[in-house]
């Protein structure tokens, strides 16, 4: 499926301020960039970096005082694997690819070590594999309210268990923590999310499972607010601490970001019920 | 029903050490002491105090170096009200007796303020009154493992939500926190508990509800390990911080406490399914 | 010294709503009420209660829909003991009056049990007694910023250690927790506070120490914002959980409270450096 | 300086159990391996992996039931840069190498986001650069007790601020959290540590600073228990969650690890006071 997407971020600055951006779409085996344009107003020298272990694309600028705008747009073609959920199993921890291990460890907002008793009591009885990760998403959907403003930048999976409310970032953190607590590697994904309403940067997650093609990352949206086959990856990381779309190093005022994504050729009903394999 | 109960506490001390004890059975409208004897070995001068707002009975001694033993035994007659759970309602917060309000507030180990979203999402849909408090006990029984050694003196209701394991004290704390979060006054009770196996000091709780005789404290055991009509009250308080059976002020070594309670005349099946009204 | 003080609290309600108020000045051995008037607009039937163990005075009304105002004013004469700080010692825990023990225990916002290592490492080397409590206040004053909006109703002493910012309530909580962790009984006090700028309800605390007249409660203001001999007590409790000036049981909109206190006959420099003994 | 070092790890297993080990010394610009031998008893097929972003070396085996031993020994030559601390500055966040950014983010045991107010209040007034990182180590050394058994695997920097006690891992976590909170990238290092007594695997940390050769990682030992020019790196990571010397995937019993390191040619006084530059 082909998507036209983009964002516009605007800031007011009092003094020259460095910014690190991660808004460009990642290049992955299933994600091809047909066209792409990024512009700063005023125009600025840029440093670009591709993080080898993640494929995340970073841009750094030093923005001048005054109003400052980043405009990004891209046309992206997405061709994920669509697998039968029934055949997707867990990989025993002793057999994981080495590069996957870091996504088993607890992280700042996903305290899998502390949540292990909760996760094992709650999800230990579920069938393994895709069904278990799906069951984790179902539990979160049923027990946590999605409510803007109910959490903040320091909210973690432990808080969400208690507060029973959060936003996409909190849903992803809790799901990731529960997966890791069950021995399933999981990582945080920032994305342009088709059919997310209102449109915004979205937070979802990927879990490493054993599908028909072998070990692979499958993508999940614990909020159930976007189409799983319409998630265009920007960045991956251990959790939100590592995946910010914009990191200003200094004081700033931000306007509300504009984010959009459309699938011009998609039929209305084109939301898949298959497992969406995005890598590996 | 009549109970013969008691305890023996033994310590080894290196130097004179003050102790505050709260092991004597409280006198309440439903709890009459037929016979009672308390002795220290070696014999010691004692200060006794009855706390007016709780009825808790305290003894203070300064124990000498060496081995030191408290022996307590009593015969207690218990005549709680046995009400039909179906007719027991909640009292609107604006209509509570003034003296009951402190048991609505959060306390050290019962962070009702923090647990309000959890409690309202989990127990808000239950029928009110006795049924809701019973539902809280059921939830704890189903979602938390009773396991000796799984918690410590600093464990609180917030921890138990995450750790999903605890002992009687933790079960009581979580139940109290959830009741208060739902607007139901609740207090911590230390007790001699008939049929608790192995015998030990037990922690249960009371909730203020509207029964056939008006507002009253009803007793509950979230662990479901003792007979609700065989709970002989020692002390009440906001939580375990206020209800210790022994508080030594100095270094000590303790032997394992011996605690016992028997109901010589009780039939085997004498465990009630009625709501047990203990005060008010 | 004589003080004229009062408050005005106004609310907008959609429906009949019960309120519990604790704004009236307490009667204590050092605090005499010369004149007092409390009025509700519209006029309302009231229930009054004096809590025996604290002396706190509560009023309960069911407020009607619409705008609703409580107006309170009083003339209070304050005659605290003024002792030489140098002669004020700690009371060994084994020798405290029985009624004082509850103020040694940890409470919701004063987790003395958890803060014991911090307190003992930080305050263990100070001289005991009044000097130690004063040293605790000094440490808080030097290490915590007083900043409106930096904390919320769930903030506790543990948070303040980490966040290094708070309001009067947080300063009192941290001081109380540290006192209790050092074996010094301490309790939370809400007060009208002379010279507090801007005027507001204030939170201070009392510690139980051994002065020239025996064991007594001495008052402290960890914020150092008010005159210690101009603190007129409203309520006492284990912490802020127990001492709210207004508890509405239902939805409401509140206007900003007006609070005032003046000492018409006081000289400008009338701030004492003595230890202020308020009870016992 | 040349070091002879090694370790011996022994386990008892009931069933075949996969293990992931990270005990082999890393190859770095300043760390050359002269000789190395690793053997399993019984002999086992091994999978080896070098993590590209860290240089950490991992070994995976499936150990059979029974007793199972890993023996490792190496001779390593260490030639760190020894710089004058006075000339070592901080790098503004907007000018860091891209690959260094992940070490600015908060992680599971280093909640730099939460500790920012504490760190800025405590370390904001120190001179910048090496002196500030050294000041952070001094503060930890002065305010936290090193005590075996005082923490556990879930202890984090937030806990150590409150508990004021920990082991090398906790010292490193707190130092890393404070560095990141001050805008200084920092990472966790597991090491063979010369002169650590008793010998054990050690946890230290590296901070990214601007020295005479440009941006570089400098190594610090917040415990002050080992010689900073005798720290032989095994692994690096965001915190201890990512750097375990052994990860068994299944039940096991472990014997106490044996760890050793000697510097045969070193003079007794060979502990440097220079800043030790290990990379970059």
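Of note:
Just so it is clear, A, B, C and D label the chains in written order, and each chain counts residues from 1 on its own.
Keep this in mind: a contact is a pair of C-beta atoms (placed from the backbone, for glycine too) under 8 Å apart; a residue touches a chain by one contact, two chains touch by 3 or more.
Given the structure is predicted, the values throughout are model-derived calculations rather than measurements.
Chain B and chain C, compared by their mean Cα positions, are separated by 30 Å.
Here the spacing of chain C and chain D, counted between their Cα centres, is 47 Å. Along chain D, residues 114 each make contact with two or more other chains.
In terms of inter-chain touching, the protein chains here make up one closed cycle, each touching precisely two others. Pairs of chains in mutual contact: A-B, A-D, B-C, C-D. Taken together, the chain A residues at the contact with chain D in this complex read 17-20, 47, 49, 51-53, 58, 60, 62, 92-95, 98-99, 101-102, 105-108, 110-111, 113-114, 153-154, 238, 241-242, 249-250.
Those residues of chain D that touch chain C in the shared complex are 114-115, 117-118, 121, 143, 145, 158, 161-165.
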